[in-house]
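What follows is a single structure, written as structure tokens, with notes after it.
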């Protein structure tokens, strides 16, 4: 099997034909599903571990200290040690908690994250679901996570958890609007909702450059709304340690807490990946229209590496917010969304529509 | 037990859409073991009832069984962030009762240590305040600067926080030869760092949104509740003991009493930041001019105060600290009462937090800068 | 006002009180019955206007209990001490001044908690630091076999 790092379609095509030849069609499809599932699980687990470690190191850098240094070289094995510890903890359930919902909640949150990851294009050919309504699917599926949070807060039979879950629910529902509308702005610009087509459309220039002002506004709004969607950064009052101890996941311990924890970092990855794909070109290297030699040099770096560089850049910016700003109060968060971001978004869509119609773009 | 009974009784009388939440003794932001019984309607606070006594150690009763110099060691532990000021108040009270005049050197050193303690206390307040608001990075920036002051204390007094450096008659021992140089270096370092505090937190728009107009305490209420210190001065209550009843070396220095009339959390915040600047300026005025002399007056082995009542006021980092000694001529006091600033400040919380949200309650309590052992004694 | 001027004004306004110059501040001793009236007058009279109560202490004397109020006027910047004695130690009771100075509400709760002094007309006289079943620790005759070690 030829392994071309620049284009994974050869790899996936070869695996597909190989399986189709040896097994019956039904079995071959099933095996493909299993392979895809395992690959995603591995990726989520490893990248989640890496993100937790990165957050601790980045946070330490902002706070002028070192972060984990003792467990493994440069503290790399710290997260693994943390997860082993979490796995070994006793699973305590409050006596009056609703057993079924209490156990269901972490799963719902993780499932929502997995469903969303499935559409993200990592590299040419390395995308498992390629609908022609990719963006629509993404916004629909990311709403499933709210149910998990609300269930967690309600079923814990704890006033603090309930307050945290209510706050979080209100916040996520509101900011989904902003996320969807800013993505919609770029759909207007790109003319398609399909992820691979969006990435292909940025072959000449990334959308944030070719879409100039409306695209930049949409990018900023998307970053703000995305951070709020994942309950991170200045919008993390759902788990505000200094007020409600741990908010909606106060009563969870051990593996279930690990799932909430992991889901938060995977959501962070999804938001960054979508920002990188829709605004910064996904796996498309930095091209500038007609500068052939420049484009040729940029093409030298494999698309997978481009993708992860962009994602890590956006993740770093989001982490930067969290460790610099104080927390917003819940009514201020909702005011920000409904009174400021939503009107800005609507005007921006109009602006982008004008730009597209008059062809006033690169 | 009685508190549990009273909560159950009260819950029976509540309407169904109000509920009570216990910000219990163990909580990340009650700054100590304080229990707040908060009655909420949705996110809005209707009533806040503080329940104190979780760290009541009977310090006042203990003082009736020990001698006067030994009281100093107990006052360290009450308001541990203004340990030096509490020690000084007791020492001054005893000295005034015995009508002893301490040498100027002692006065200068006492005031310099006072102001260093005030700086350290405000630094800790700032870093914890940022953390309560959610800006977790401020915790490290404030502590980084405070560690240097604690190192200076350790070198001169032998202890970082519970210094016990004063004694009736003067100081326990003379300052370390390095003291003046270290303090001067520190002031130079900190003058450059304090504007960082402003750029990190004070100018931040989120912080302003969280503090402007929150936790209003009018001047009348401040006087009525006896709210002193930076919390009272932010409401316009001119209560600085250093200005009105100066003691030690305060008559020899020029400084401003920081008053603000906006009465909200932002005012309390800014008063403390400005007080830090004033403290730096006071220390700079004194550090080069410490007169030579003895570090203490020779006192009798067993101190006996004349019969009568003696009161001494001092300005701690939280407000007005007072020591009231009733003596019957013996070597142990008859009654000692500590007027703690936190006690009066805490009970104004209900007034200030009514109508705001839970997140504001935490922020307001943080601006009051409460130390619970000071309240409970 | 200086201490001497204050003594003159107080002697004129409160003829029944015993007024003397203490160590630093003017001290006025009144009877328990006239406490509330005195407190109100002290706060409301414009030329003295003692509106800031900064310390309320309960003391346990051999025959009765004393309550000592330290007052300051924010406008005129003078300080005085108001003292009152209860009738006996078995049922010590005085009127509350919490309707004159709000901070007294909590200081009186503390005096009740630690010394057992009852304050009449207090709206919320509960224990502050200790449980209901505890005795009154600051009393001189308080005995606690477990926690107090007699030398």
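A few notes on this one:
Letters A, B and C mark the chains in the order given here, with residues in each chain numbered from 1 onward.
The criterion applied here is as follows: contacts are C-beta pairs under 8 Å (C-beta built on N, C-alpha and C of every residue); 3 or more make two chains touch, one makes a residue touch a chain.
These numbers were taken from a predicted model, which means no experiment stands behind them.
The central chain here, found by comparing per-chain C-alpha centres with the mean of all protein C-alpha atoms, is B. When every chain is reduced to the mean of its CA atoms, the largest separation from chain B belongs to A. If you average the CA atoms of chain A and of chain B, the two centres end up 46 Å from each other. Mean C-alpha positions place chain B and chain C at a centre distance of 24 Å.
Centre-to-centre separation of chain A and chain C, using mean CA positions: 65 Å. On the chain C side of its complex with chain B, the touching residues are 22-25, 27, 51-55, 57, 59-60, 68, 70, 74, 77, 81, 101-103, 105-107, 110, 114, 126-133, 137-138, 151. Here chain B touches chain C in the complex through residues 1-2, 6, 52-53, 56, 58, 60-61, 65, 96-97, 221, 223-226, 228, 237-239, 244, 308-311, 313, 320, 322, 324, 326, 334-335, 337, 339, 343-344, 347, 376, going by the rule given at the top.
Those residues of chain B that touch chain A in the shared complex are 19, 21, 27-29, 43, 130-137, 139-141, 144, 200-201, 204, 206-207, 209-210, 357-360, 362. Every residue of chain A that touches chain B in the complex is listed here, in rising order: 59, 62-65, 159-160, 163, 167, 234, 236-237, 240-245, 323-332.
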